[in-house]
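Heads up, the next two complexes both have chain A, just with different partners, chain B and then chain C.
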Partner chain A sequence: MKNIIDMIMAPEYSFTAVVVLFILMIKYVDKIATKKFGYSLLLGMTVFIGWLFTDNVFRLNFFATNDNVPIIFLVFLVVWSCWFSLYKGIQNDNRIAAGGVPLEAEPENREKVWSWPNLVYTELFAIIACTIFLIVWAIVFKSPLEEPANPTWAPNPAKAPWYFLGLQEMLVYFDPWLAGVLLPGLIIVGLVAIPYMDVNPKGNGYYTFRERKFAITTFLFGWLVLWVFLIIIGTFLRGPNWVYYGPFEVWDAHKVLAANNVNISEYFWIKLLNQGLPKNILVREIAGIIMTVGYFVVGIPLFNKFFGNKYLKRMGMIRYYLMVMLIFMTLTLPIKMYLRWSINLKYIIFMPEFEFNI
Partner chain B sequence: MSETRLNLNRREFFSYLAVGWITFGAAVAGMASLVFRFLYPNVVFEPPMDFIAGRPDEYELGVDERWKNVYGVWIFKEEGRFVAMSNICTHLGCVPTWLPAENKFKCPCHGSGYYPNGINFEGPAPRPLERFKVSLNSEGKVIVDKSKIYRYEKGEWNYPGAFISV
Partner chain C sequence: MAEKSFAEKVANTQVWKSIFRHGPPNNARNRAAIVAGNVFLHLHPIKLKKSGVQLGYTWCMGGLSFFVFLALSVTGVLLMFYYRPTAEYAFNDIIGMREHVPLGIMRELHRWGAHAMVITVWIHMFRVFMTGSYKPPREFNWGVGVILLVLTLLLSFTGYLLPWDQLAIWAITVGSNMAKATPFAGHGGPGAALATIGDFVMVSDKNDVRFQLLAGRFVGEATLLRFYILHCVFIPLVVSVLIAIHFWRIRKDGGISAPL
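Presenting the complex of A and B:
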């Protein structure tokens, strides 16, 4: 059993499983947004995580870094808030489908109160409670002091703070300029841009799912699959040398994984055409350049075919194509991950001469 | 509202104004210079950029770690060549670990791997480890000069100075 889990938790399988689970969640959202499912999910997660802690190796790895404690909280909180918003949304959707109004629009829920003192007092107590919680936590879980910094030595594994482990996991698949600068920048710009691109007035002031299905699905995919799950991988499944370790696997720094990463140019010129790499950089990288350009040139019209009719008119040209660009940039991450897992791809376009690697 | 008025003529008003602005400007400039001074540390940890690494025949074939902790340099000796490598990963600047059993360098941050000669073969590292200038002094000892680097992807590893023939 534990061996099987160690095997299927490898990123290539577990990521696929999470993507499938995500699609199932969107598809069977009616079943998921019920109290029965919510309670069974909570019970199942608690039992599963509790069972993980009965294993000595898992416990040892887990408590080796105190960062892991908040991530267990995070997992529960993320699952709960996701389930809760779906639950409320589907509740309202069913009311609207039956010809009613959302729960929040009922007369008894429309009563207004002053933000001072009602809201401000609540916030004050929340701040105090949080502060007490953090102080108690800081006393209970002592931060481990390490040796003085040494520029010629790095801890192994060298892990970022837990909330950045998703980014660190991204960096495994990309050049640092992309995963360290461009993609995080796009994440921030994209999140800032969402309110300006989203012109759907539905769901204003009430929970809903079906009236905002596309928006919620895209956002949740980026959040749950591409961010939270990558944090979980980076936290629990990466050991020394950033190699994959199953949850029940001992962190042996000498675990050997044969990984010889190959660029598209080498696949194209050496393996396919059986000749050496050409001298000219553009000729050398031609296959990768065609693939990259093709991704946008073929992909965007294809995307338009599925979603264009509905959203192009509603959002307008500029908003729509900005959204398409953001979605396509987001999808480069899973695409690059799968290329790495399937054909050991290193870079699609590889121009170290100009520090330009995709 | 107080009714006090200063008896100032136009010329006096402007001279007060000038004094006021000059004082304010001087104060701001002084603070800015303090901030600027703060940007430069009092103590700088800068090991010398070059060091003497002994005679080439003191080294075994393969990777040698003796200068890694002091100068951040790996010595790699193969048949006919003696080179000095940087120990900074070309991906994001962590310090890889030398794994003798696997005969490779492996970076703990994102899993980049390098062959003993510094060529990258796994993980996200975009280019091989950089090499430093090596030369022999009059006593036949190696001088490693870290201020001059040689990059493989620019075809610099065959330049004179990138290696010593042994």
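Presenting the complex of A and C:
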């Protein structure tokens, strides 16, 4: 059982599984948005995570630093908040479908109440609960402290704080200028731009799913699959040399990994055309350049044709193309991941002369 | 005539009345006066829609983010009394907090509070998204919130270096190495090699963005001081201003979101 889990948790399988689960979640959202499902999900997660902790190796890896503890809270909160907001959304959708209004728009909820005591007592209660939680957490878990800083000896693996491990995991597939600078920058730009791109007037101030299906699906995909799940991979499934380790696998720094990743240029000139790499950089990288440019130049019109036209009309040019660019940039990550896993692709464009590697 | 209780007598003194300018909150007028007259409580409107006070709607995550930020400010100030940001003392001061303070949990509170704030801010953003609360008229405030989220991560990141242990310097080394790859502005980034005039290299490891961030070519004592100031003074000041804007705009944009 544990061996099987160690095998199927490898990013290429587990990422695919998470994507499939995500699609199923969106497709069968009605089934998921029930109390029964929510409680079974929480129970199942608790049992599964509890079972993980019965394993010595997992416990050892997990408590290598107490900084991993918050991730358990994060995982529970993310799953619970996702289920709960879908649950409330579908409830409202059903009310609307039956000719009613969302729960939040019922006259008794529109009624105004005094901040004192209705709001301030809730806040007081939340503050006390949060304080108790933090104090108990602080007593039970010591904050980590390792050996004094030693610039001459790097630990292996050297990991960033857990909330950046999704970005560090992206470094497997992209160079730092993409994974560490451009894509995080685009995440920030994209988040700020959301309210200006989303012209759907519905779903303002109440939970819903069907009235904002596209917006919610895109956001949830980025949040659950590309952010939270990559953090989990980076934290729990990456050991020395950033090599994949199963949850029950001992971190052995000598684990051998066949790293024979190949560039597109080598595929094209050496394997396909059976000759050496040309001297001219642009000629050498021509296949990768065509692929990259084609991704946008051919991909975007195709996207317009199959999905886009109704959005283009509704959103206007600027909003629409900003959104398409962001979606296309986001999708480069899963595309590169699958290219790496399927054909050991290293770089699509490899120009070390300019540090320009994609 | 009924005898006045002790509490009533206290509430009738000049001292009490000078501090609390309103009677007990048992009628509408006093409830309004409490919220409007107290500098902290007046962050709230006097009345608000019922949906906005329901835990099932707000999850209280924004409020808790603010509370944890306050708790971090308090614990952080206490820690500053015992911590010197130099390569010689930093690590030993942290050891001191652990070894010499009986039942000391101040550093734990600060560290776990920092992690908790990252989580509450994320979940707050998630809730705001799922209720469509970024939609007009709240677009700008969502943007302020995104900047606050980034600053929360930066606060946590700069604080990560301060214990000056292996975990700290190598996490910061890994993180700040990203800055090296900034296009045109980092010496390892695309385009940097193009920025030369004759033999003169404009973007090198001695002047690129990573150098500005670390105050050096690697994580050293100058970095520690720089991160200390960023962590304890600069970013908290910016965050405080942005929180003020964030809260002000919540009120000005119509309070906690509700169906139009």
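Here are some notes:
By our rule, the second predicted complex is superposed on the first by the 331 of 358 C-alpha atoms of A that agree within 3 Å, B and C clash if a C-alpha of one lies under 4 Å from a C-alpha of the other, contacts with A are read in each partner's own complex, and residues count from 1 in each chain.
Rule of thumb we're sticking to: contacts are C-beta pairs under 8 Å (C-beta built on N, C-alpha and C of every residue); 3 or more make two chains touch, one makes a residue touch a chain.
Note that the structure is predicted; figures quoted are calculated from it, not measured.
Considered on the superposed chain A, chain B and chain C are sterically compatible, since they fit side by side. When the two complexes are overlaid on their common chain A, residue A:Pro176 makes contact with chain B and with chain C alike.
Within the superposed three-chain model, A:Gln275 lies out of touch with both chain B and chain C [touch as defined at top]. Applying the stated contact rule after C-alpha superposition, one finds that A:Glu353 touches each of chain B and chain C. Shared-chain residue A:Asn260: touches chain B; no touch with chain C. In the overlay built on the shared chain, the residue A:Ser342 is in contact with neither chain B nor chain C. Of the two partner chains placed by superposition, only chain B is touched by A:Trp242; chain C is not. By the touch criterion defined above, A:Thr152 reaches chain B but does not reach chain C.
Of the two partner chains, chain C is the only one touched by A:Asp67; chain B is not. The superposition places the C-alpha centres of chain B and chain C at an angle of 70 degrees about the C-alpha centre of chain A, rounded in steps of 10. Taking chain B and chain C in turn and counting the residues of chain A each one touches, the greater count comes from C. Once chain A of one complex is fitted onto chain A of the other, the partner contacts of A:Gln168 extend to both chain B and chain C. Shortest separation of chain B and chain C in the overlay equals 5 Å (C-alpha atoms, whole Å). Residues 150-151, 153-155, 158, 168, 175-176, 179-180, 353, 355 of chain A contact both chain B in one complex and chain C in the other. Those residues of chain B lying in contact with chain A across their complex are 45, 68-72, 87, 91-92, 94-97, 99, 101-102, 106-111, 113, 121-124, 126-127, 153-154.
Note for the complex: chain C touches chain A at residues 25, 28, 31-32, 34-35, 41, 44-57, 59-60, 63-64, 67-68, 71, 87, 91, 94-95, 98, 105, 107-113, 115-116, 118-119, 122-123, 126-127, 129-136, 138-139, 142-143, 146-147, 149-150, 153, 156-157, 160, 163-171, 173-175, 177-183, 186, 188-194, 218-220, 257-260. Residues of chain A touching chain C in their complex: 65, 67, 69-70, 73-74, 77-78, 81-82, 85, 88-89, 101-105, 108-120, 122-123, 126-127, 130-131, 134-135, 137-139, 141-151, 153-155, 158-161, 163-164, 167-168, 175-177, 179-182, 188, 191-192, 194-196, 198, 201-208, 212, 216, 219, 223, 353-356. Remark: chain A residues 150-158, 168, 171-176, 179-180, 240-243, 253-254, 256, 259-261, 346-347, 350, 352-353, 355, 357 touch chain B in the complex.
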